[in-house]
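Quick notes on the structure that follows.
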Amino acid sequence: MHAHKENHAFEPKIVAFVCTWCTYAGADLAGTARLQYPANTRVVKFPCTGRIDPVFILRAFQKGADGVLVSGCHPGDCHYMAGNFHARRRFAAFRALLDFIGVDLNRLQFSWVSAAEGGKWVEVATELTERVRAMGPMREFRELETEEQWSGAIDTPELQAAYEAIP
Amino acid sequence: MPKTITDQNLRLLIDALVAEGKRVVGPRAAGTMTLYAPLAKGEELNLGELPRRSAKETFFPLCETILTYERDKEGVRVTDVDPGTIPGTVLVAARPCDVAAAPVLDSVFSWDFKDEFFLERRRKTTIIGLACTRADDACFCTAVGLSPNDTKGSDLFLTPLTDGGYRCDAITEKGEALLATHASLFAEGDGTPAPLAEPSLGKLDLDRIKAWLDTHFEDPLWGEIAERCAGCGACAFLCPACHCFDIVDEGGETKGTRRKSWDACGFGKFTNHASGHNPRDVQPQRYRNRIMHKFKYYVDKFDQRLCTGCGRCIRACPVGIDIAEILSAIGTRDQEPGTGKD
Amino acid sequence: MTPAKKLLSYSYYPGCSLHASAKEYDESTRGLFKALGIGLKEVPDWLCCGATPAHNVDELLSLSLCAKNLSLAEGVEGDLAVACAACFSRLKVTQHHLADNETKRKQVEYAIAGAVNLQKPVKHLLEILAKDFGLDRLTEAVQKPLSGLKVACYYGCLLTRPPEVPELDCVEAPTIMERVIGAVGAETVRWSHRMECCGANFTLSRPGVVLKLSGSILDSAKAAGADCLMVACPLCHGNLDIRQKEIEEATGERFGMPVFYMTQLLALAVGVAPGKLGFDSMIVNPLPLLKEKGLV
Amino acid sequence: MTNTAQTIDPALYAAVTDAIRAEAKKVLEAGAAAAVVGWQAGRRQGTAMPAIITDPAKVAELIFSPACVNNLALYLSKAKKEIRARGRIAIVVKGCDLKALVGLMGENQLKREDLHVIGVVCAGVQRAGAAKDIPLSEETIAGKCRECTVHTPEGADVTVGTLPDLPHFTPVESEELSRLEAMTPAQRWSFWKEHFARCIRCYACRQVCPFCYCEQCLCDRNRPQAVETTPRPAGNMAWHIVRAMHLAGRCAGCAECERVCPMDIPLNLLNRKMAKELKELYGHEAGFEVKEKGPLAQYREDDDQSFIK
Amino acid sequence: MSRIGVFVCHCGENIARTVDVEKVAAEAARLPGVAYATDYKYMCSDPGQNLLKNAVAEHRLDGIVVAACSPRMHEKTFRNAAKSAGLNPFLCEMANIREHCSWVHEDRDEATAKASDIVAMMVARVKKDKRLVPITVPVTKRALVIGGGIAGIQAALDIADAGHQVVLVEREPSIGGHMAQLSETFPTLDCSQCIMTPKMVDAANHPNITLHTYSEIESVDGYIGNFQITVRKKARSVIEEKCTGCGVCSAKCPQKKIPNAFDKNLGTRPAIYVPFPQAVPNTPVIDRANCTWFKTGKCGVCQKVCGPGAIDYEQEDRLIVEPVGAIVVATGFELYSITEKPKGSPIKGYGEFGHGTIPDVIDGLTFERLASASGPTGGKILRPSDGREPKQVVFVQCVGSRAREKGISYCSKICCMYTAKHTMLYKHKVHDGQAYVFFMDARTPGKSYDEFWRRAIEEEEAVYIRGMVSRLYQKGDKIVVMGSDVHVGVQVEIEADLVVLATAVQPRAGADTLAQKLGISYDSYHFYSEAHAKLKPVECATAGIYLAGACQGPKDIPDTVSQASAAAAKVMTLFAKDELEREPIVAKVNEKNCVACLYCKKVCPYGAVEEKEIRDRQGNLIRVVAYVNPGVCGGCGTCQASCPSKSVELDGYTDEQIMAMIEAL
């Protein structure tokens, strides 16, 4: 009775920052309707996308997220009237910045999912999971976390490389 | 009997040291500048200009891990970093103004608390100093009592010769040992030393400066200087002698790392107490600390000064603050105890 | 301060009619532009625009025809000048439609084996005269003002429609023709049927419809006191001029209303020799009227 | 090389210096300002530094030269409260510096009426680390000056100097920006990674920025810690991303951050990129008029959302 | 060390079927700071809640995570349980392992792992939760009603009857609004003025109602329960207290030829006038733009003839401040006009209908005035152009409405019914006349509405033609109406004597300006937005402001009156308490760090941020910081995300709480 489940070598960690009024409720609706989607997303609830600081996205990547989803109410539907409009600009700027830094934007998805769009939630979460799964782990930030200044490193990569270069 | 080494052999020496498993640190080109950095091979040695950062990070890293912790229901498990794992290092071609700071720093790091991270690095490092032949208008080593060929702190000292190559003088046993191990790369003999650098600033009367500082904790001068100060850490971070550090825990509730990294007295949050109170609340107090620490407190405590005249703070200051100029001014100031408020 | 006069120059898409039944439109356009010092360079090797029938039969074909023409026009400098209202409409619709519809654009690009040029500004002659050249300059260029000539400006269906596409003027109550012909001294009449359909290409399949529709246009123009009609479309011209006699026979009313292409009148006003304006190929002879008004 | 076609006539700086002194004297004597913030010569030949002059007798210390790189708007932001506390301040600004003042006014940090703005016509200043040769040439001029559009400040209380004919300089900042934009994300990542790895977290960039006037920088906060404070590659990356984001739509492009960076990190590239994006997205350009709301403090219902599913 | 309790709910089989709840509880128990973890079949049941309460006491818990369904379902339940156990309710969080986990994943291992992660995130969060206390604000029990049409009057009367003071502000010299202009009303055909004027008088005479006519809202400050309204009372040039309403001034005014806007300019009025005979108040106003005295400084007749000496040419606008606790917005609508619109305007005119230049093409409201017994023709249907009685009248529906190409895509809702009414009124007055109606659909969903429409067709013989009109033009003294009949599939041309256009209902011009003053939102047409389309159709998202009538969207009279009474009921609910209590999810400023860049103020959708001056004990200004008024703050947190130094924090969603969750990933 269970659908055939594929085993993947890599299961990405997806963090979803969502507003409570629309997308969180939309995700609830997906549950009520028993729609199925990959179990990779971890939801962090906010009152409004307006509350979502770009730093959180950055932090999520730093702390091991392979993909980040940010989702809120459709324009005009904001419970707080304009929070999502402000968020939209903020995220437009932030993703341009990340792109310029060299973060692959395929790992960062923004969406509007209303409380009625359980199906869309499933679609967005599934798409991002699958895309990021295909891309593999977010190496960039994870590598940074392990890197040290040469002076502070007990055993620096440079030193390692030097040793290996010597016959 | 002095020895000499050709430039080519100096580079071969580096290769040989690397092959022994030593970490060899020396001036290396890094983008638009030169930095002291590990050299993979002798060719990388770049003697063109004064490295942008001082050599102090060889002993006092920008950032180093002290311990890591994990915490769960059972409690906290701490894993200390063993300073014994610090690699054996040779610091090559370091300028006298950088090298001279090392023994000065020994005093504080081996004072009441023995900083094993610093001391272990010092123990494991052999320093090959290099006499300086080029000064710019920010250099003032001679003004603070050093010289472009000062061997203070060096184990082995290189003096550039007019016809290329270097004269090598072993200053310490470590230096002797290094000469002995790699004798084939050195030749017996002497040569004509290339002309030394000539910093333009005249000798400062450091005792007079100290005397003034002794009595001028409060003085309008501090306000005048610091009005301009932007409060960054460029001066302290580039300084070979500044050694303040911060210890922070990075990570979360369940696991993390305790790290030690450079701090600077110019920062607004320096000495900020957990209560929110800051005894050095305004920039003049912080700038005063910079001068006092270098030319009074450290003198009182260790009879040494925390300045080698390398001029890095002068070159790097975003707002043109010039410590040599300030010292000159203090040197000519009235010695009457200050009454002004900062 | 008058801005320095720009030297205007356009690429030119005449379309089939202007090389056939509407030769006088082509000739008078060239004459007019030459007299005004505006460059006009015909797009080489252009194709039929598909006109009104093609898009009813095969949308992809009709879009591809225009897309091909647009890509041919790429080779000729200057905005694309179009005289025929139907060609104008098709080219504009193509650009508008393909800009919004990526799927179709890709199909069309496949069909014409090249990129669609959505950027090339496509301009009707009216737009060029009223906006680029300027009405003041047009007035300055007049040598023989059309004073006393009462003109009913007839827009037909295609010049301004559909909304948002040609953006020539107000969709349902335009005045651009009146302004342009007014600039050379003609008097324009207020009348009701400026925007009505002439019957267009029912002219062959259901001529009865044409007689009724075009008849009411002529009727309305006459009732408004017009001496003549002015058009910008070869199809309208065909129905109103060529079929005028038939309409008169069917309704029993006599109109005798010459139907000019806008460029014929404009060229006449700026001094192009009447002999070069193809008046002789018009079915309703305009010469008596023009003579009466002292224009030839 | 003294070819006038390739260097900037230094006469401008001398003339402006005289005019600044005269104006400073006037306002101090008249009591129209409690202090004049300008530049004075440094000890070393060909250097200059910020000066705060309160005594009319000392106005002769003020200068203007290609070494007057500092954006003095810094001294009017909240970070430098003690200067503002003196009263009405006269400030000498180049066109680029004035943009920062305008921005600060929009952010309620300054009131126009509290300032006496002495605008100086500027043909360019030195690049960091350049030889202090006079006159300025393509070799020595700062990158930002090569593409300067505000040689003459608009809206100052008095503007001094006449712009000489300027040589044509090849733009470097915009070229570098295009070069980076043309890279793949992976290439850009390694570009920035290498630069940021070198960062020592001296915060010179932050401290000289007129817009970094926060009482408590987000990056100094430890509960919660949003950005690691240690100068490791991870924290450095986060710091520079946060810095660029916080300046987006506000940075007026004085490029002081880049000039003062002891590690030569091309920080202004980030600022320029954000400025470019915000101009393309919302038509915003910082520093030309006092705007109550920057591009990230307002919105339009029809803002682009092509990136949102 | 925290003492957190974790309660994992089976939800019967709903969670337990796919999630190994025992394992989730066991893993939770291993988390630092978790003092107690268990699982239970139904946490929301009484025994489940008791389990929680007992655990709080037994294990001295200082935080609770209930891993169960969505917090949207039971957060209140468990917070109340926590509260009754003596714990601050905001120290209780829910981990959603049902809707977000067990119901959407089939693989037991994956679902269990995810559930554990979710619990770990919420445990991390709850440790950073702060005790929050509900906020109370006082309520000024006095209401403002903006707009004196039927909606405003109804709302004002209801609130006033409940014993509360009401301030009713009307822009025009008289209350009454559109309803006072109508002839008869559908579907009963009772006389509009007959039912309207008594209400107008009631409103004017009500002891609890303060009426400000010829007045506008100048500014609005404050927040729910505590608004400060400044009303601009425009200079009437007539002293209201002295005027007896005798009408001599109007009768003697030499300037009589001013088009009367109330009559849609069909008739004229003097320069000193009341808009219509039944106006309330019956106090005239001088139209200064058209008054000879104001134009030339000569005349002064009205002053001379006024017995009580009520004429005051020097009168100036007055600003009156009214403190109120609630606001009802009832500014109504206006009709779309087919005239040419400025270039670039999102709404277009009707060039095909002559852009309003054909005199006998009128709108529905003009027809109302023609049909009104008190109107300019005394109720006779006469053409504006020549005063002849039209024998063929064409009514065109959906002019501007449902017309995307004209920029309006909504249905104006009232036109189908009033057009049917018009055909009847016409037939009643012109027995040999024929009415034609061009329509798209007949939309008649209302009590007795469809019957009414059928009657227009079946009994009053109106000819309904389903199709659009493409063009109108004047031909001689007729108007040719060209349209299509899509049923028959033919083109139709009718030569009409009069054409009546059912033009779209639009919000009042300037509705956006008022909205900005009030801090309420509006849609792209400038209709005011309700807080929720279904469940809060009367409230604005801005607390304390309510909507009534067509300012929110097209409405007929019964709907308008219902909504007005609903708005009044909402106001009374608010006024039933002396203090307001609300969830303390509000932003707070850290005044030590705030540098008053006021980004928070700029982005706040509620206008909740103010500038606050910090002074020393001597009263010297030290600095300015931002201050968030907790009564006004909606709790969205946009301020915090925008604050560069994070000197403003949203309680319940602090950076610490969020970062802790991210950290726990």
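Per-chain numbering from 1; labels A, B, C, D and E assigned in written order.
In the analysis below, contacts are C-beta pairs under 8 Å (C-beta built on N, C-alpha and C of every residue); 3 or more make two chains touch, one makes a residue touch a chain.
The UniProt protein names, listed by chain, are A = Heterodisulfide reductase subunit D; B = Heterodisulfide reductase subunit A; C = Heterodisulfide reductase subunit B; D = Fe-S oxidoreductase; E = Disulfide reductase.
Just so you know, these numbers come straight off a predicted model, no measurement behind them.
Within the contact network of the assembly, the step distance from subunit C to subunit D comes to 2.
The minimal number of chain-to-chain contact steps leading from subunit C to subunit E is 1. Farthest chain from subunit C, judged by C-alpha centroids: B.
With every chain reduced to the mean of its CA atoms, the largest distance from subunit E is reached by B. Contact tally for A-E versus B-E: the pair with more C-beta pairs in contact is A-E. Here the spacing of subunit A and subunit B, counted between their Cα centres, is 43 Å. Distance from the subunit A centre to the subunit C centre is 57 Å, each centre being the mean of its Cα atoms. One simple way to say how far apart two chains are is to compare their mean CA positions; for subunit B and subunit D this gives 31 Å. Subunit A and subunit D have Cα centroids separated by 35 Å.
Shown for subunit B are the residues in touch with two or more other chains, namely 62-63. Contact of a single residue of subunit A with at least two other chains is seen at positions 54, 59, 76, 82, 86, 90, 148-149, 152.
Looking at subunit E, residues 592, 603, 642, 655, 659-660, 663 sit in touch with two or more other chains.
Of all possible chain pairs, the ones that touch are A-B, A-D, A-E, B-D, B-E, C-E, D-E.
Only residues 29-34, 124, 127, 592, 660, 663-664 of subunit E touch subunit B when the two sit together in their complex. In the complex of the two chains, the subunit B residues touching subunit D come out as 30-33, 35, 52-53, 62-63, 137-138, 227-228, 230-234, 236-238, 246, 248, 250, 259, 261-262, 264, 267, 269, 282, 314, 316, 318-322, 324-325. Interface residues of subunit A facing subunit E in the complex, by the touch rule stated above, are 2-3, 5, 13, 15, 20, 24-25, 27-32, 34-37, 39, 42-48, 50-54, 56, 59-60, 63-65, 76, 78-83, 86-87, 90, 122. In the complex of the two chains, the subunit B residues touching subunit E come out as 71-73, 252-254, 276.
Touching subunit B in their complex are the following residues of subunit A: 148-152, 154-156, 158-159, 161-163, 165-166.
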